[in-house]
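The next part holds the structures, each set out as structure tokens.
Two complexes follow with chain A in common, the first pairing it with chain B and the second with chain C.
Moving on, here comes the complex of A and B:
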């Protein structure tokens, strides 16, 4: 579990980008007196060309595209919230952008990091560790047989 | 040449309606949901995303459903869909060394830092039909064995990086460069390796598999070993100008294959292994391995090898590996060619008349 105090904006955006819409909806409904928002850029779906590297570590090449949705909102206090999330869920992007804005408000940041971001991060860490445990259970030691000894 | 034809609207409507009903199949059988296809036919979705060159699991599953399981048709649907969306930008190059692994094996090295992880593989199945799967409504397996619960994935460096550190294998080379984009500019030949890898990434698995097999059977062989195959999740980062930093937008699944091939050296360079590289969306090992073999075959010129086999012929491979192109051109033969054919008929009749006149004169 990562320490909350070290989480920067880049990290909470990554966590919000991986949060399912239903979870974000629930967490949003629990936010105490949310500020009014205006939409600077309505949620819009487009493509990102995913690059990889020749040989894994060499010069970049264009591997293939993926869908992504982006959204920018602004609070009445002119704080901008951005979201760039894989997939086509516009509501997810809008909620992620709103949380990004709230997380930049000094009075709200610490409690939100403890609740919203903390919960999401924990769920994501559990999923990741569970998947690794599934994989690690299939770890194998191959032995080379030597004939005639 | 094909010319516009009129008429047939009613027949076409009826054909579309019949297609929709055949897609649905017997009403007595429950309809498949897109979520079910994504979850239970996930390798079909992976192939469609790879060859459609668009990573979106839900759309891949929808395409499989709409195409009635015709995966080449489904890839075509994704290609068509992508043209409707704006492109927001290019990601930072994936860091596959930091993949959250579900599988990682090497057929060349037994002892790898981090170990060999078999993962969800068909490799050790007996390929016997499992009639237990015919029985519906079985509870899913719940007593999962998690020997390693609580463990965090250790560092799992790419095998080729380990060998490269000893100088035994060619390195990846320069990390910079502005890659070609064959979706915007068709490749010119000879195409640089980045353009070739882009074309191979979206190329038809069957075509690349056959070419890869041909290299193993002696048509441009280069003695390959599966240096490493890894499959898992890798984060995608997008640099956002307004923010001034790269945002992690989420994970995609990918399969990477590092093929290790026989030595090359000469001049000031001591002999070292050469390499071929394969990368595919989702879990697509056969595709990634085939791509790596063909990538290496296409590097013949770079290593001063004689390029006499189909798999080494860049223009042949790149011009024919795309199944959307290939399927379109083959299947366009179904469109009305009435005028064309009429012209050919006239020509053959004239030739036959001339032939008969000549016979009669003799």
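Moving on, here comes the complex of A and C:
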């Protein structure tokens, strides 16, 4: 069974983009025998317009601009890794792009999905659940009001 | 700057662009401006380590420095790798015909496109015209054809070898309807000379 069916490139790019630089740095140092990379587009910082929609059904509008950094690298095997990350950390973008390239190499994909992407996804899920739990703990029940109909 | 404009065909060996895109693009712009404002003067462009082999290094540098998502580029059909490279780095559109192109690149050895289609602008909007970037085998200032016009103190001499047949003669006919016309940039290795539409070229 191909592991792509469980997690596709879009998902691992999102997970890599949310990973802090220190974590990526540590995980990169653990990569066995990394292939040589050329930098096709050095990491550069710019703005993207974030579009939003009210309530999921309203007309789309420009919510605001956010700072992002992108980077494109290529392995000696002509595989391109892309990364778009929030903020201005160019090293973070470069590392995320390198991981994206490695994840497209058939022989490296499965082990990396298990270790790097799995670890990052778990840490991100725990952080998110923690925030939800914190928020849930402050929930106030308005007993005199009817909730939902 | 949308994602699909940056994705190159799979398996293509994409080459990097400038090491320092901002500074190098500014130097390209400045060099092109110097060349266009002093017709016949030979100007050096920033070195480009790994231009696609179809393009002269100077033409590749002009492409990286000047093209963007709002401009369109025409290249001969057999220069797909160069077109993909410029599109990857600049996000430019690839024009289907010369008539749609803002920039027309003619690499060394390639047949010149049908120049009668080249955009010359209109009397109201002469800037809506194309720039023709042509690779030549030799550029020499101080001898050769006589150049006069704005930006030239008296006269200048420029010797061009290896330009496509009849290009310079055709060019003279096409810029006769001033203000309509086009700018011609001649590239040889990493040097350029420019012939804006205002320059008179004799001999």
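Everything below uses one rule, namely that the second predicted complex is superposed on the first by the 136 of 149 C-alpha atoms of A that agree within 3 Å, B and C clash if a C-alpha of one lies under 4 Å from a C-alpha of the other, contacts with A are read in each partner's own complex, and residues count from 1 in each chain.
Methods note: a contact is a pair of C-beta atoms (placed from the backbone, for glycine too) under 8 Å apart; a residue touches a chain by one contact, two chains touch by 3 or more.
If you're wondering where the values come from, they're calculated on a predicted model, not measured in any experiment.
Contacts of A:114 after superposition: neither chain B nor chain C is touched. When both complexes are overlaid on chain A, the residue A:138 reaches chain B alone and has no touch with chain C.
Once chain A of one complex is fitted onto chain A of the other, the partner contacts of A:82 extend to both chain B and chain C. By the touch criterion defined above, A:40 reaches chain C but does not reach chain B. Within the superposed three-chain model, A:74 lies in touch with chain C and out of touch with chain B [touch as defined at top]. Shared-chain residue A:20: touches no atom of chain B or chain C. Put simply, more of the residues of chain A are touched by B, taking chain B and chain C as the two choices.
In the superposition on chain A, chain A positions 44, 46, 72, 82 are in contact with chain B in one complex as well as with chain C in the other.
Partner chain A is touched in their complex by these residues of chain B: 49-50, 53-56, 58-59, 82, 85-94, 96-97, 100-103, 110, 115-119, 144-153, 158, 160-161, 171-177, 179-183, 193-195, 197-198, 201-202, 232-233, 235-236, 238, 240, 242-243, 245-252, 256, 258, 275, 277, 279, 281. Across the complex, chain A meets chain C through its residues 38-42, 44, 46, 72, 74, 78, 80, 82.
Within the complex formed with chain B, the residues of chain A that make contact are 10, 13-14, 17-18, 44-68, 70, 72, 82, 84-88, 128-144.
Residues 1, 6-8, 11-17, 19, 21, 88-89 of chain C are the ones touching chain A in the complex.
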